[in-house]
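Below, subunit A partners subunit B and then partners subunit C, in two separate complexes.
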Partner chain A sequence: MATYAEMAEMYEDIKSDFRFDHELNGCLNCGICTATCPSAQFYDYSPREIVQLLWTENVEQIYDAMQEKIWACAQCMTCAARCPFKNSPGGLVSIMREVAIKHGMQSAKDVLRPFGRVMLKLITTGNQLSADMIQPDHFPDWGPNIQKVEGDLKVLRKAIPVKTLQTTETAWEVSLKTSVEMYTIWEMTGVMKQLETMDENLFDVIVDFIEEKREDYEDWLEEHADEKNDD
Partner chain B sequence: MTNPTNPTDEPRGIAGHGAFFQPTNLSPEEAERATDWVRKRVDRRTVDLGERMDDVREHMWELEKEGEIIVHRVTDAHEPRMVKTLFGWDKKIPTTRLWHHKSCGQCGNIPGYPTSLLWTMNGLGMAPGRDYLDETDQTSCTAWNYHGSGIGNVESLAAVFLRNFHQAYVSGKRLGHDAGYFFPLVHCGTSFGNYKEIRKYLIESAELRERVKKILAKLGRLVDGKIVIPEEVVHYSEWVHVMRKDIAAKLQKYDVSKMRVVVHMACHYSKMVHEDAIYDPEVLGGNRAATATGIAMALGAQVIDYSTWYDCCGFGFRHIISEREFTRSFTIDRKIKIAQVEAKADVMLTNDTGCVTTMDKNQWIGKAHEQQYSMPIMADIQFAALACGADPLKIVQLQWHASPCEDVVEKMGISWAESKKRFEEYLEQVKAGKIEYLYDPKLAMSMVA
Partner chain C sequence: MSDAVLVVGAGPTGLAAAHGVASIGRRVVLVEKESVLGGAPILSRYAKLVPSGEWAKDAIGRMVKRVEDAKLVEIHKGTKVTKLDGERGNFTATLANGKTVQAGAVILGTGFTHFDAINKPEWGFGTYPDVVTTTQVEQMVGAGKIACPSDGRTPERVCILLCVGSRDRQIGREWCSKICCTVSTNLAMEIKELSPSTDVFIYYMDIRTFGLYEDKFYWKSQEEFRTKFVKARIAEVTVAPDGKRLLVKGEDTLVKRPIMIAFDLVVHAIGMDPNEENPEIAKVFGVGLEQHGFLERGEHYTSTFASTRPGVYVGGAALAPEDIDTCISHGLAMAMRAVGDLNALAPKAA
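Right after this comes the complex of A and B.
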């Protein structure tokens, strides 16, 4: 449990995000956002409540909502499209999630643990998912008809008539230079720090992977510099 | 007592419209003139938004004038077609010289989505390398991850956006074209919504621009020291929409007039930065976003309305991976069941990655709760490609779908069994290295490593 000062600090972080004033403009409690919200139908979650807590600066309950409620939001942004005040409860939830991560909240760590595999894929390849992740064994609830033609995944992917898609470990073929540029973006924008706060083991795996890829790229550049010199 | 407005007390007017209603007997032109002022007041497409809604593109031109940014323009060479968006603003949709910004969810999971699009472009005579480009130098927008996990931030999303769109801007150079030759065509609905949101923030915040500029400089992704921002962010379904009549007139092979189609409009297409979505008076009276529905209508399918048309599919970004109970329940209760029982649809079409995945994959599990509903799910462009004679497996790649898409194929008069047999024979060729491509594979290799 955080102290009041810590909660207040989290609230200040939320409020100081430059999007905050963009996403919160007032609230009459009309409830259109909640009426149209898919998550409100299934969880103890209400976009109206999120807006009200922030509007009334209810620091303790904001902290409370950051434990579980903010993770219920499906981020469809229906609330934002409907709000007569042009609030974006979904956008406010995004800010609150970032702050929960920044402060290393245990609830955020718990919620994100099953997301690790996806994060590993995205941070290292620039693709959110890949063909080898969507296999029948991984998703038994998708049923026996998940693939209508049996066969080796590599061959099935080669049968896609678009060169960039003939991969199994990435959604499409991403050039090494592209990946290296993306690692620079992660480092310069604090994403690596977020990862370290959330999951140190995952962070270590990712750092090793990035180092290896950077070395591959350096080698490639050297090889091609030689080729140029040979010319 | 005598009625003061009808002293003779003769019955008149039409039931249901009040006692004093009577036909005006005006000609259509006179009627339009007579009610014009009302429409001007209530039609959201002509409403004066005042300070409530800003067109971010106007500020882009100012920033360009001030030397802050470069705007990647949709030029005449992109052969743009004009459309109207929610508030009646114009949007230019380029129809050629397109840089395919792929979707990780589509390519990894529903590959028939991009292949159907490329196949359709080829069918319309577009030449790879000249009229479109698909290359390896791109990342995903990374917004699926951000909306799912909160890992990432505006700065990282902005840097990824500007990096990818800079690559689109310069991508033609290796083929001898000028900068700006290819214009990005965004395949994913979430990328589309996210990029528009980020563009808005970049235009509004000088501080964000400064921070991101440093990153782009390090990557060598500035042009004359400036960031490149696109004049329009264009979704593939918008290209399909403006080309729908050409697709139907030039390519359609199968009659789909007996097909009952329902459309699920992707939230991140029409609800995120919703002022930029296409609303077309020819499609559902301009009252709903027009993409996906427009192509189904152009092909002659029966578009059926249903009560939960505005609902999200239940994807949830994080939920489809780690809270699947929510995703399944929502999609079965609010989408699949309604499409089957209420609309009695033959197929549900949509225009985004996550929606196809969610609704296609989460049907079988309903059996566990005696929810025996099923509905073929595919993208608008997959349906269009099928109607235009694309092979259901080799091109439309329906073998990756879990929902009963075979039924749609059969209903169009195409034999699924024969297509499958042909595809299995083709797999043997593939094993022997004889692969057929929609474009020369060399075009994909952008530059290095």
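Right after this comes the complex of A and C.
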């Protein structure tokens, strides 16, 4: 349990986000956001409650909502499309989530843990999912017909006449240069810092991998330096 | 100098202004674009007016007759002003029918346009026949029967959605239309009078039955007519599995529960838009528009009901959403303004 000062600091972080005033204009308490919210149908989550807590600066209840409720939002933004005041409750949730991560809240760690594998795949291949990761047995919502065509799909993918850079190990090949640029973006925008706060072990693995990739890229640059001079 | 006053628009504002000017001995030229006088209450066939409870056709009808009978009022119906030249004390207006009118002052009572509920498609107007507007219910009350347009059945449950086309930044209507809360409570009582077995629910964000309308409408509709008020803005109106009734989805914000309720008839309490012809009116009369698109008001404290052009006055629902009683007061006040200013311009007797 956080102290009041810690909770107040988190609220300040939310309020001082550059998006905050854009996402929150006030509140008429009409409830159209909650009425239209798919998550509110299934979870103890109400976008109107989030807006009201932030607007009334209820730091204890804001902290309480960050323990669980804000993670129920699916970020569909229907609330923002409906709000007669043009607030964006979903946008506010997005800010609150980032602050929860920054402060290393347990709720954020719990929610994000299953995504560690996705993160690792993303960093190492540049793809979230690749064809060989997709097992139709694990996706019942695709329906029974996927089983019938699945075998042929691999052949069909390879048969696409134009060059698509597709492989079955990755959805497509990402160039070394693009990967390195991506790592720089993640570092500069604070993604790596967030990762460190959320999962130190995963962070270490990924940092090692990034360093390797950067070295590869340096080598590649050196190898090709002569070619460039020849031009 | 011309001593006549040109009054544009023959709704409650223009009728009050025309009669006011004539009653103090000035000549009036009244121009109305429609072929009948009376404005929205007559053209849209309103039922009983707030707060008098008189039928619109009787109450506004008397205003029309009073103006038609006034010897000093010359009436041009079915035509518009297409050009206004000159200046205070000496205007020349050209009408669409080719005539010209000399006037020393101009009073604009050009009114408003009902919000077109088709602009909020998620609430079902234009999709489901049993979603109607308050104007349509006014007409049902006038005809003496409340019925679902789809099959003519008497509705067991009716809901009225407030703020349709008002207080909504999503569609650029950032104003409160002022009258709809009271009109809706009035309609709820009229529905119950005509069909005692019908239950009426009103979905609201705030209830603004201002001044004396609090007990005469808001309280009375509950105490005597059992109207139910739910604080919720509706997310969407869809059709129920029976294919007949309408489903209304919202959050009861006071008990913090999602609600999904079936109704036979859904009524949109439509707001007041700026007159859809305001851009043209602003151009023809050389007056400004304010940020929402209503006509712009000049300095009010010592130049009451001034527009942005000297000698042209503006009042009623042309300025902002307004109730009929206030429009009538504006009309009479503009008559005072116009005649007073003309008197000040008149050459002093030696």
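The rule we apply is simple: the second predicted complex is superposed on the first by the 194 of 231 C-alpha atoms of A that agree within 3 Å, B and C clash if a C-alpha of one lies under 4 Å from a C-alpha of the other, contacts with A are read in each partner's own complex, and residues count from 1 in each chain.
The rule is short, and it goes like this: a contact is a pair of C-beta atoms (placed from the backbone, for glycine too) under 8 Å apart; a residue touches a chain by one contact, two chains touch by 3 or more.
All values reported here derive from a predicted model rather than from experimental measurement.
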Contacts of A:143 with subunit B and subunit C, given as first, second, both or neither: first
First, second, both or neither for A:48, with subunit B first and subunit C second: second
Quick one: is A:83 in contact with subunit B, with subunit C, with both, or with neither? Answer first, second, both or neither. second
Would you sort A:98 into first (subunit B), second (subunit C), both or neither based on which partner it touches? first
Could you tell me if A:181 is touching subunit B, subunit C, both of them or neither one (first, second, both, neither)? first
I'd like to know which partner A:158 touches here: subunit B for first, subunit C for second, both or neither. first
Identify the partner contact of A:28: answer first if only subunit B is touched, second if only subunit C is, both if each is, neither if none is. second
Contacts of A:193 with subunit B and subunit C, given as first, second, both or neither: neither
If you tally the residues of subunit A touched by each partner, is the higher count for subunit B or for subunit C? B
Based on the superposed arrangement, let me know which partner A:36 touches: subunit B (first), subunit C (second), both, or neither? both
So which bits of subunit A does subunit B touch that subunit C touches too? 36, 41, 81, 86
Footprint of subunit C on subunit A - complex, ascending: 28-32, 34-36, 40-41, 46, 48-49, 81-86
If you look only at subunit B, which of its residues touch subunit A in the complex? 52, 102-109, 111, 114-115, 118-119, 134-140, 142, 144-156, 159-160, 163, 193, 201, 204-205, 207-208, 214-215, 218-219, 221, 267-268, 270-272, 274, 310-312, 314-319, 321-322, 324, 326, 328-330, 334, 361-365, 393-395, 397-402, 404, 406, 420, 423-424, 426-427, 430-431, 435-439, 441, 443-449
List the residues on subunit C that touch subunit A in their complex, please. 122, 163, 167-170, 205-206, 231-236, 249-253, 256, 258-259
Touching residues on subunit A, where the partner in the complex is subunit B: 18-19, 22, 36, 38-39, 41-43, 71, 74-78, 80-81, 86, 94, 97-98, 100-101, 108, 111-112, 114-115, 118-119, 122, 126-131, 133-134, 139, 141-149, 151, 155-166, 170-179, 181-182, 184-186, 188-191, 194-195, 198, 216-217, 220, 224
